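The structure that follows is given in the form of structure tokens.
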Amino acid sequence: MDKEKNILLDIDHLTVNYELEDETVEAVRDVSFKVEKGKTLGLVGETGAGKTTTALAILNLIPDPPGVIKGGKIMLDGENVLEKSMKEMTHIRGKEVSMIFQDPMTSLNPVFTVGDQIAEALMIHENLDKGAAFKKAQEMLEIVGIPGERAHEYPHQFSGGMKQRVVIAIALACNPQLLIADEPTTALDVTIQAQVLDLMKELKKKYGMAMILITHDLGIIAETCDDVAVMYAGQIIERGSLEEIFNTARHPYTEGLFNSLPNIADRKERLKPIPGLMPDPTKLPKGCAFAPRCPYAKDSCIDKMPEEIHFGGTHYCRCSRYEDPGFRIEREDIQL
Amino acid sequence: MHRYVIKRILLLIPVIIGVSFMIYFIMDLAPGDIITQLVGEDATEEQIKALEHEYGYDRSVFYRYGKYMLGLLHGDLGTSYITKKPVWDMYISRLPKTFWLAVGASVVAIGLSIPLGIVSAVKSGSLVDNSCMVLALLGLSMPNFWLGLLLIIEFSLNLGWFPSGGFRGFSSVILPAITIGTGHMAVMTRTTRSSMIDVIRQDYLRTARAKGVSENKVITKHAFRNAFIPILTIIGGQLCAGIGGAVITETVFSWPGVGRLIIDYVHQRDVPVVTGAIIMTTIITGVIHLAVDLLYAVVDPRIKGKYSRKGVKRVKKVRKEAA
Amino acid sequence: MARQKLVSRQYMKRSRSGEVWHRLKKNKGAMAGLVIIALLALVAIFADVLVDYDTQVIGMTLKDRLQAPSKQHIMGTDDLGRDIFARLLYGSRFSLSVGVVAVAIAVVVGVILGAFAGYYTGGIVEDIIMRFTDIFAAVPNMLMAIVIVAALGANTLNLMISVGVTSIPQFVRTTRAAVLTVTGQEYIESARAIGESETKIIFKHILPNCLSPIIVRVTLRVSSAIISASSLSFLGLGVPAPAPEWGSMLSTGRAYLRGYSYMTLFPGLAIMITVLAFNMVGDGLRDALDPKLKK
Amino acid sequence: MKKLLVSLICVFLICGFVFAGGSGEQKTTTGEVKYKEAVVCADGSQITTGDPQSINNIQHNRLFKCSHNTLVSYNSAEAKYEPELATSWEWNADLTELTLKLRNDVTFQNGEKFTANDVKYSYERIMSLNSTASSKFVGVLDHTEVIDDYTVKLVLVKPNVDWLDTLALPLASIVNQKAIEADPLKGPWVGTGMWTITALEEGDYVHMVKNDNYWGEKTPTRELTLRYMGEASARLIALQNGEVDVCISPANTEKGYVEEDPNLKLIEIPSSTCCYFAFNTSKGPGSDENLRLALAHCINYEDVILGASSGEGTRAISNWGPATYGYYDGFGDYKYDLDLAKQYLEKSAYKTITISVKDNARLRAAQIIQANAKEIGLTVVIEELEAAALTAKSAFKTAEHESMIYTMGWNSYGDDASRAYGKNSNTNKATLSNDRVMELLELGRQCTDDAKRKEYYKEIQVLNHEHAWYIPLYYTELSIAINKGVSGIIWEGHQAHDYSNIVVTV
């Protein structure tokens, strides 16, 4: 009961399709996960796995058309986001839930000053007048490590890392309960990545908010997250606490992900990439989507959609092979 | 910035020379010259000779053109053969009327096209989109003189809301402005639509939405401002076309504008008036283009302060893309 | 975004022209436009078969003048007692050919000049061509057309020339811009490397790859050429009588607008529908050719 | 920059509203009847100048009749000359000297007194201008002598019985030397007429206010504007809306609306304007008399009138103006006879002829003639030309046209015919240089015997009928739509109506 109260976000059987003229892309299939208050969930997966769509669904921002939320619930603080009106949604966006996008170069409107862009959120949610909002915006800039007087400048006058700081400032301006960070560092230089990540961690602690961190970088996950969910072809194929996933990964795909990481300790070791490509999302196989690439796959995997199997604690995995109680995947030790 | 402006103005000079040369010679080529227009029905040989000498028609066209350009060098646009008035005076008395018409037409075009274009872009591909585009095309596909006369019959005769023609205050601008403005609609709506479609897919709109900006504001504030440069180019172009005079509409509405000035005097082979008026049109057009380029910087801060050599190229590129 | 990649992957399966056609086919407006244009072209080609020029188009029965639409004359008769429907059918020849020939003139001249200006960019060739273009473009289209028709005399050919000449700058600019982008591509470099002649490079390698913006402009321009021609008719500078060009039919009818409005209604509608059709096809093509506007 | 934009837009809007204000209607009262203070007359032709001596056409003549005076005037209703600035005049025996006594109570609008010197200055100025007007004087008037302040003698080169007509034309208006020397552009506007020109926007309007020092009778109207409205339909709508009080030449097809409208009145007057077919007799197919006669007999004249001017016209027998001195039509019309026409055509070497035309009515006439000619196997090609090109092409010296349709507005005096037949006249669209006609014209010019003179003119018209240089088609019907309250205008068949005394009762 106590735990239930602590749940900030509860996504239940979410299904999202992109309905194009002559075909349908099943972008998110029956996705369920929970985020606790103040905790960080890492959402991992390849490009096109449906991570961003899932995140956008939380803000009800999936472009429609072609995006259609087919089913499921997204409970934010006990209320279903999907049942909210447009107007109610604008009160949630930026206030309750904020989002940071992948590419800081394109996430800022080039024709407004960064100060104005931060202030806009404040004016909407905090009922501040223009002057006060701008002042607060300058404070926010200071918080993310940018001199306040630069609020009068335009995005093109900032570097990539600085822009991402501005984006973070916008996202945090109204003190949201949940921050969704969609690959916040992917487009940045490696050195800047660390700075930005540190900033985010620090601010998260400071404001006590929960966070969903979308990334394909397991290193970042290990550093930042409390829980992890792994997505493949629109499904969450494995989820659990950081330790559960990192120490006892169950799904062959998760395993493959770890195997494809470079081993920094042993530079001579060759990477083991997962063979093959993700399936065409318009023509997903009937059974397990990973089956064609899975070294453990059996005929039954191809025909039958796997169910989520509970492995104790918060650890779930979607793999039919575990119906065979003796099934284990071969592990290599991961050094982090 | 100043250097840029000066350079642009200097660049107008060869264009003016080219335009004046072209118009002067084409006009001279036209059958029927001014002497025939001026002399009486039974003018004597001496009278014709005297007139030919007076207007330089006893010498080659190059002499006449040279003389005209020499005058132009001193800021003299020439003197009308027909009215004997300085062309400058004739042009200047027409310019305000044409200006008001051009502005009115732009206001009509902007007022109708931008909402249509935005709706079209937002609902891109839908029935609404198609209807908006057809609506915008209707204005273009109705020949101006037809639409103009229909408007006069309906709004001037039957309803008595507006005067039937002539330049008589604000209310007289409305009908001709609608006539021209609806003709501009197609291009402007189309530009607004495609420019908005480009912008609507940009990430920063998602950022705006994610921070709780309402959908209306996302479109009208965030998206539109970014989509505005190509639209500004079109507005500038249509304003320029308007300054050159809307011959047809001016004729239908007895509008004493530049377009009618030029065509009336083309018909009478009054070379200085035609050349002078077209030179003035060229200059004003050039200035409008320059103003539009400078306005880009107001709309888009990325262009500001880039009116160096590089900046100019950038502006040109933006314009080309818009076109 | 993932979704866009998927979409483009889907279309990669088809050839480029097939892909464009596929997308164009989906555009109902464009298809309607194409059908109308095809019908008009058929009418124009077989005008001689459909109506008899001497008796129906220019032959007049004055006692039947200004009749309202009836069974005999489904669109009524004009001020000289000629059947408006027959004249409209035959007039498609003049109106379409004025539009098409004028634009053809502009395309031939404009594309060649634009190609050279775009290819020899930065050189004197470009400077000369572009300055000339600036000069032509500086004079408002309608005025330019009027001056040219006044100089050459009003007849069908001169009308086409004047409308064509005024459209040249647009084509020069469009072509040049397109050529500029294509010239930067690697396959042009490789054509140069194997020593193909420059003219061959321009016409064989560059121009075919610049076609889409030009095609779009052509369709849009044909419609404005038809409007320009009818405007010139209004000013008495159009296709000479008794040829039933729509613009001149419309402008003849303006004296009868209040009493016998159908004399303007039908030619006006004919112009409107034609212009609309060309525009819808142009818009559709633009959308189909522009990957940015993909849904 | 943003603020600048906003303020610019504000300025636009404010200007717009300023424009919108004004134009309240005012009235003057004389006894019981109320008159409109400002009267507007709309016309389809443009006024380009306020200098009466620089131009000679209908719309300008209407203006100059208001603003300027001539020495004599012609009363077309009573067919006699009347004194205007001159009180009396006297010819010498051989008709080469005309002595005129002038009024002594006339001042110009700028306050200068009118004397004989002004007459001398004005007439010398016409001769020196090389304008369309000056050819009426050059070669006719030798010189002007000032006898005393109020007596002037005009010495002619050769006798001319129609000289008084020339003096009555607005181009012979008296202008003021001082005004012209002070301002060569606006100086010629200053006349002795009832109306002072205050503004002239060519292609738009001429605005006049009443000259309070006018020497003659004055009207209660205070302001008179002649406004150009090119589009006939729009012009009539302006009248129906009450924006204007007079609408010259409403479209023939729209006369019904005038008759229906209880506030309007349609004035219809027989016009002296003749629409005729002119062959270039100097060369080409037009020089073949058989072809000319073939065409004359194949034209369906009723159809031409119906098609060209909606039936609003009367068949012309002679190509002269019906009110022109010496008019004769005893020879009857060309019969519509296709067989006869075919016979003529067979004798002709030509089977094709081009008609050059410019505007709508003539274009329609040409199309009908084209269809008529087809029936006898004569191919007619229509060439549509701009006015300037047509004038140049058909000028006497160039004469490159094969044939054309021309409308000539005839004045009342006999020598007006020399425009149509005279050598070097650009109105001589037949490019005629027939010695006998030239001789007859000269005889007519010098003849004081009424009967004899009419005989000369009759012979010219008979010759034309025989040779079909000109095929008369029809006289246009003159119509003017007016506000019911309009009166005081003197309507003229040659269309140079006199608006001076216009009043509009409210």
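We just call them A, B, C and D in the order they show up, numbering each chain from 1.
As a convention for this text, contacts are C-beta pairs under 8 Å (C-beta built on N, C-alpha and C of every residue); 3 or more make two chains touch, one makes a residue touch a chain.
On a predicted model such as this, the values are computed, not experimentally measured, just so you know.
Distances between chain centres, each the mean of the C-alpha atoms, put A farthest from subunit C. The innermost chain, defined by the distance from its C-alpha mean to the mean of all protein C-alpha atoms, is B.
Chain pair with the larger contact count among B-D and A-B is B-D, by C-beta pairs in contact. Averaged C-alpha coordinates put the centre of subunit A at 53 Å from the centre of subunit B. Note: centroid distance subunit B to subunit D, computed from Cα atoms, is 37 Å. If you average the CA atoms of subunit C and of subunit D, the two centres end up 44 Å from each other. Shared interface positions of subunit C, i.e. residues touching 2 or more other chains, are given as 150, 153, 254, 257-258, 295.
In subunit D, the residues touching two or more other chains are 231, 233, 386, 388-389. Shown for subunit B are the residues that touch two or more other chains, namely 30-31, 149, 153, 251, 267. Residue ranges of subunit D in contact with subunit C, taken from their complex: 231-233, 251-254, 256-257, 300, 302-303, 306-307, 310, 358-360, 363-364, 366-368, 370-371, 374, 382-386, 388-389. Within the complex formed with subunit B, the subunit A residues making contact are 59, 61, 86-87, 90-95, 98-99, 101, 103, 106-112, 117, 120-121, 124-125, 154, 156, 167, 170-171, 173-174. Subunit C contributes residues 28-29, 131-132, 134-136, 138-143, 146-148, 150-151, 153, 173-174, 177, 223-224, 227, 230-231, 234-235, 247, 250-251, 254, 257-258, 264, 268, 271-276, 279-280, 283, 286, 290, 292-293, 295 to its touches with subunit B in the complex. Taken together, the subunit B residues at the contact with subunit D in this complex read 30-33, 36-44, 47, 50-51, 54, 82-85, 90, 93-94, 100, 103, 149, 152-153, 156-157, 160, 163-171, 173, 251-254, 256, 260-261, 264, 267-269, 298.
Residue ranges on subunit B touching subunit C, taken from their complex, read 14-15, 18-19, 22-23, 26-27, 29-31, 124-125, 130, 133-134, 137-138, 140-146, 149-150, 153, 186, 190, 194, 197-198, 201, 240-241, 244-248, 251, 259, 262-263, 266-267, 274, 278, 281-282, 285-286, 320, 323.
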